[in-house]
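Letters A, B and C name the chains as they come in the text, with residue numbers starting at 1 for each one.
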Amino acid sequence: MNTAGPAPLVRNAIQWGGALLLALLLTLGLGMATATAATDHDGKTVASIQQTEEEESPYSFQGSMRDSDREPIVGVEVTVTDESGFSGTGTTDESGEWSVGVPTPGTYTVTLNVDSLPDGITLRDPAHESREFEIATTAQQGVLFAFGDPPSAQPTTDPGESETGSETPTGDDSETETAAEQPRGQGFMAALTQRAINGLFFGLLLALGAIGITLIYGTTGVSNFAHGELLTFGGIVFYATTTLFSLPIVAAIAITLVACTVFGWLHDFALFKPLRKRRVGMVQLLIVTIGLSIALRYFFQFLIGGGTQQLSINRGAAIAIGPANISTSVLIAAGISVIVLAGVAYFLTRTRMGKATRAVSDNASLASASGINVDSVIRTVWIVAGFLTGLAGLLYTYFIGGAIRWDTGFSIMLLLFAAVTLGGLGSAFGALVGALFIGLVTEISTLWLPADIRYAVALGILILVLLFRPQGILGRKERVG
Amino acid sequence: MEILNAFFSAFVDSSSAAFALAAIGLGVHFGYGGLLNFGQAGFMAMGAYGFSIWTAVVAPTENWGWHPIASFLSAIVVGIIAASIYAFILGLPTLKLRGDYLAIVTIAAAEIVRFSVRTTELTPITGGSQGMTGASIKTDIQEINPLPSGQYGFWVFEAGAYDTWVRIIGWSLVAVAVVLVWALFRSPWGRVVKGIREDEDAVRSLGKNVFSYKMQVLVLGGVLGGLGGIMYILPRALQPDFFATPTTFYLWTALLLGGAATVFGPVIGAILFWALLNGVRSIIGVAHEYGFFFGLSSTQAAQLSFVFVGIALMVLVVFRPQGIFGNKKELSFNV
Amino acid sequence: MSKVTAADLISGTNGPGVAKKDPIIVADGVTRQFGGLKAVDVDHLEIPRNAITALIGPNGAGKTTLFNLLTGFDKPNTGTWSFDGTNLAGIPSFKAARSGMVRTFQLTKSLGRLTVLENVLLGASDQKGERFWASFIPGIWREQENANREKALELLARFKLDAKKDDYAASLSGGQRKLLEMARALMSDPQLVMLDEPMAGVNPALTQSLLDHVLGLKEDGMTVLFVEHDMHMVRHISDWVVVMAEGKVVAEDVPEDIMKNQAVVDAYLGSHHDTDLGSITGQIEMEEALQAELAEERADADTEAATDKEQS
């Protein structure tokens, strides 16, 4: 009969433990931030993005220049001016990076000194020589200069390109490596196979993240807009452990997964459980997740800076599957996803806790009346979501070419929601189906449509599906009156 | 002084006016109509792009010899029409959806807009991922500016002729919008809309065409968002990435700061949002100068101000969900 | 007030789906399926005009679903129906309401963050100020609004809610919300009022005055169709009773005779629901005793009157 929580003493201990853990995470974060700065000064690593110079002002324009072979372009001058007469100049360093600090937020003209470009390198779009940019809601504004010939058929590019936020539009096909290796075969079928395989892998990754969203929605009714940050968190811890602290890969993976699981639990323990106790309404909770998303995202930016971080991980050799090229790491990542997803299916259908989870999703008050401890179910759901999404973040760094950004998760958050919505809010298997569908659509659509609107295609299909099935693919209708 | 400057200039700045307009629109959607719109940035984009494309690409002054006033006014009308059409198309499928689905569809639609205008294929029209320069959209307004060049205002409110002119336009629009919303929501029309927010089936059972009202609300709020988009780009340039999800989130912050279902709430909220954001930024900046935040770069210190915005939003919505102007009683019912 | 007899309402011999002399609603072949369950399966049903009709049946019989279908809140799998001679099948709910049939909901739908008075005002039909552009010019709608306000206050007074007129509806008790919903529905002067369990949760003292109010509606020329589990109330005010079970109309009759119908007893017995037949038959016995008493009284009165006459 005694299903009540642990004894008061124990519970107190747990609460203290939680508080300590939070403090620990924060200090770890600060430590990491200073660690980044330190490595900078030693000039040991290129992984860090913080400007080597401590500029006076917190506001800056920055970017990195690479030629079509991705080699950094050194010694190019960039001038930033505004109407009030301010003028600042920066030069690209040996890694092709430049930055110009400005005194206040406002609109500035950023000009590339074409004469300083090495021979044979020209701007892809001559109009980009001088452009206006604004610093308003962010401290750093990325400015991109693309070189070489105008793109004809763009390859599918990394999701960094579609990154949301008015910050640092670094994503251009010349910027980061793409996960999609170029197909060897020239034929349409080869391209299709390559895209389909990529899409499938992307879909599996999305599924890992989306199931967390749908489980949380099902049991608590909260659409967690900060879910992308769970994913980024996984990527960042992985980056920190592999690259900053140079731990062996197995240790790095283990630490990442544990940290993400704890992070998920912390969400419930420190935030959502107290809010449930206060009976905070649904819309308010939605806004809370928005606030959490903003806070976490900028905390991440605070930790790793506004650029793309390269991870020192081995991506493995590329192997050929039919006409398509896949790197072994992506293949392994896909294998892991499948195994974990199967595990989730087992958990939901076979275990006591999993069944309880589904019961709570069905009808929370009924489940609680029939003796299910709703609180512990929700806690479990958060832990599982933290683990799954963190794993997705870890694997995703491989998928996008061994890189992580502060807003990686945020940039695919909408795709996660699209997957969940397509499947019908609250249905775990729906989320899987929706995720695979979205993954395939985003990749395959690039065969016909410009790559930079592939996410738009996926979201457009979401809207179309909702037109005909307002409750999602596997959702149920509600009763009126 | 620096801090005061950063804080108080938000009270007259045209960015605040732009955010105020868009937040009033969001307030019409959510506060009065109960529509969970998480894609207000999309409406802003429609207004801004409608305006800019008309001004810079269609260019009636250059191509057809229109008077700048006619060109400017027609550009605003084009922006309004663009936002209305977008609202209408968006509303057709989504207004029948359950609330949380609407949230996801609006956010998705806004991103579709941004991805689309940003695509390289459309560069001749939209400027692609770089948008359009300020110079290309400012000429008409500069032409019709009645203020001779010079500095206007006093203390921290001082600004050049162009900025002052834009401020005048922006705040006039805000005033019109406030009066409009006030007039609408004390009328029987507003009563029906508020009824729909509470329970649309009940209102349907009383013979009101709920779909039509929701559409009117969506278009009205969307048009206000579109005007906000226009006002936002006027003092600067047109940049597609401004119209992304974070902007919508900041608008929500502004709206909730002031109080959702209130007339002045969104205006005060928008001003406070910018004032606090700039204020905190400059406080952190100054603190950094004096050697606080040891070991951190000043950029990192600035990022902390956004962490602060996020946390403030959470705290606000939990402890004072009705905002500064909202009615506590009205929100104590968790519906 | 004279009690209506069967002969006044129906034409032909009585039975489920019997034709009425002057029907306001005629439904044909209306079915609604939820998965494998046929929640509503009505061959033919007519609701008599200017009468009070009770719709009864065990829990889950399909009464609310039938309400939803007739008012356009749910779409049937098959079937047509008409209201006042015009076809309503496939017509959206708000148009059905506009044509003069207003309903209330079993689970009350009060508009929580509107005041009680605003709730009722919302019920008024054809408001000029509800059009977008007109709403900007108070001159267009001010007069009508004031008239509506007066009418709303009257209604609220009748439902004993006038003291609460400026409170948010969310602060009302469950029973008060039922009352509010009824007042709101009546605000539009409908031809037909459809009430889904209007008295559930309303205290007995108020019930009595509400019953009188419903009877008053009939005097004003309205038609009332209501769902109710309380047999006492059904017998007290209804002119006609329709019984549903498992989606079908199983019997129709005047309230005095309905419980004698074998199909009805079967319906309540056969349904494995918690309706206690004992209490129903018990109620019938009580009612009969009551009626007998009433008859005696009436007879007494008659004789008294007779003696009075004789005396004069």
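Here is the rule we use: contacts are C-beta pairs under 8 Å (C-beta built on N, C-alpha and C of every residue); 3 or more make two chains touch, one makes a residue touch a chain.
Fair warning: this is a prediction, and the values are worked out from it, not measured in the lab.
Asker: Determine which two chains are connected by the greatest number of contacting C-beta pairs.
Answerer: Highest contact count among chain pairs: A-B.
Asker: Relative to chain A, which chain has the most distant C-alpha mean position?
Answerer: Farthest chain from chain A, going by C-alpha centroids: C.
Asker: Averaged over CA atoms, how far is the centre of chain B from the centre of chain C? Could you give it in whole Å?
Answerer: Roughly 48 Å, centre to centre.
Asker: Could you give the separation in Å between the centres of chain A and chain C, each centre being the mean of its C-alpha atoms?
Answerer: The answer is 57 Å.
Asker: How many angstrom between the C-alpha centroids of chain B and chain A?
Answerer: A distance of 26 Å separates the two centres.
Asker: In chain B, which residues are in touch with two or more of the other chains?
Answerer: 201, 335 - these are the residues of chain B that touch more than one other chain.
Asker: Can you list the residues of chain C that touch 2 or more other chains?
Answerer: 73, 105, 109, in rising order.
Asker: Residues of chain A that touch two or more other chains: which are they?
Answerer: Within chain A, residues 480-481 contact more than one other chain.
Asker: Give the list of chain C residues in touch with chain B in this complex.
Answerer: 71, 73, 93-95, 97-98, 102-105, 109-114, 118-119, 121-123, 125, 127-132, 134-136, 138, 141, 145, 168, 170-171, 181, 184-185, 188
Asker: Residues of chain A touching chain B in their complex?
Answerer: 33-34, 37, 50-51, 54-60, 83, 105, 107, 127-128, 131-134, 136-140, 151, 154, 162, 164-167, 169, 223, 275, 278-281, 283-284, 286-288, 290-299, 301-302, 305-306, 410, 414, 417-418, 421, 425, 450, 452-453, 455-456, 459-460, 462-463, 466-467, 470-472, 478, 480-481
Asker: What residues of chain B sit close enough to touch chain A in their complex?
Answerer: Residue positions touching the partner: 15, 36, 93-94, 96-98, 100-101, 103-105, 107-109, 111-112, 114-116, 118-121, 129-130, 133-135, 160, 201, 235-237, 239, 241-242, 244-247, 249-250, 252-253, 256, 277-278, 281, 284-285, 288, 295-314, 316-318, 321, 334-335.
Asker: Going by the contact rule set out above, which residues of chain B touch chain C in the complex?
Answerer: Answer in residue numbers: 180, 183-184, 187-192, 194-195, 197-199, 201-210, 216, 329-330, 333, 335.
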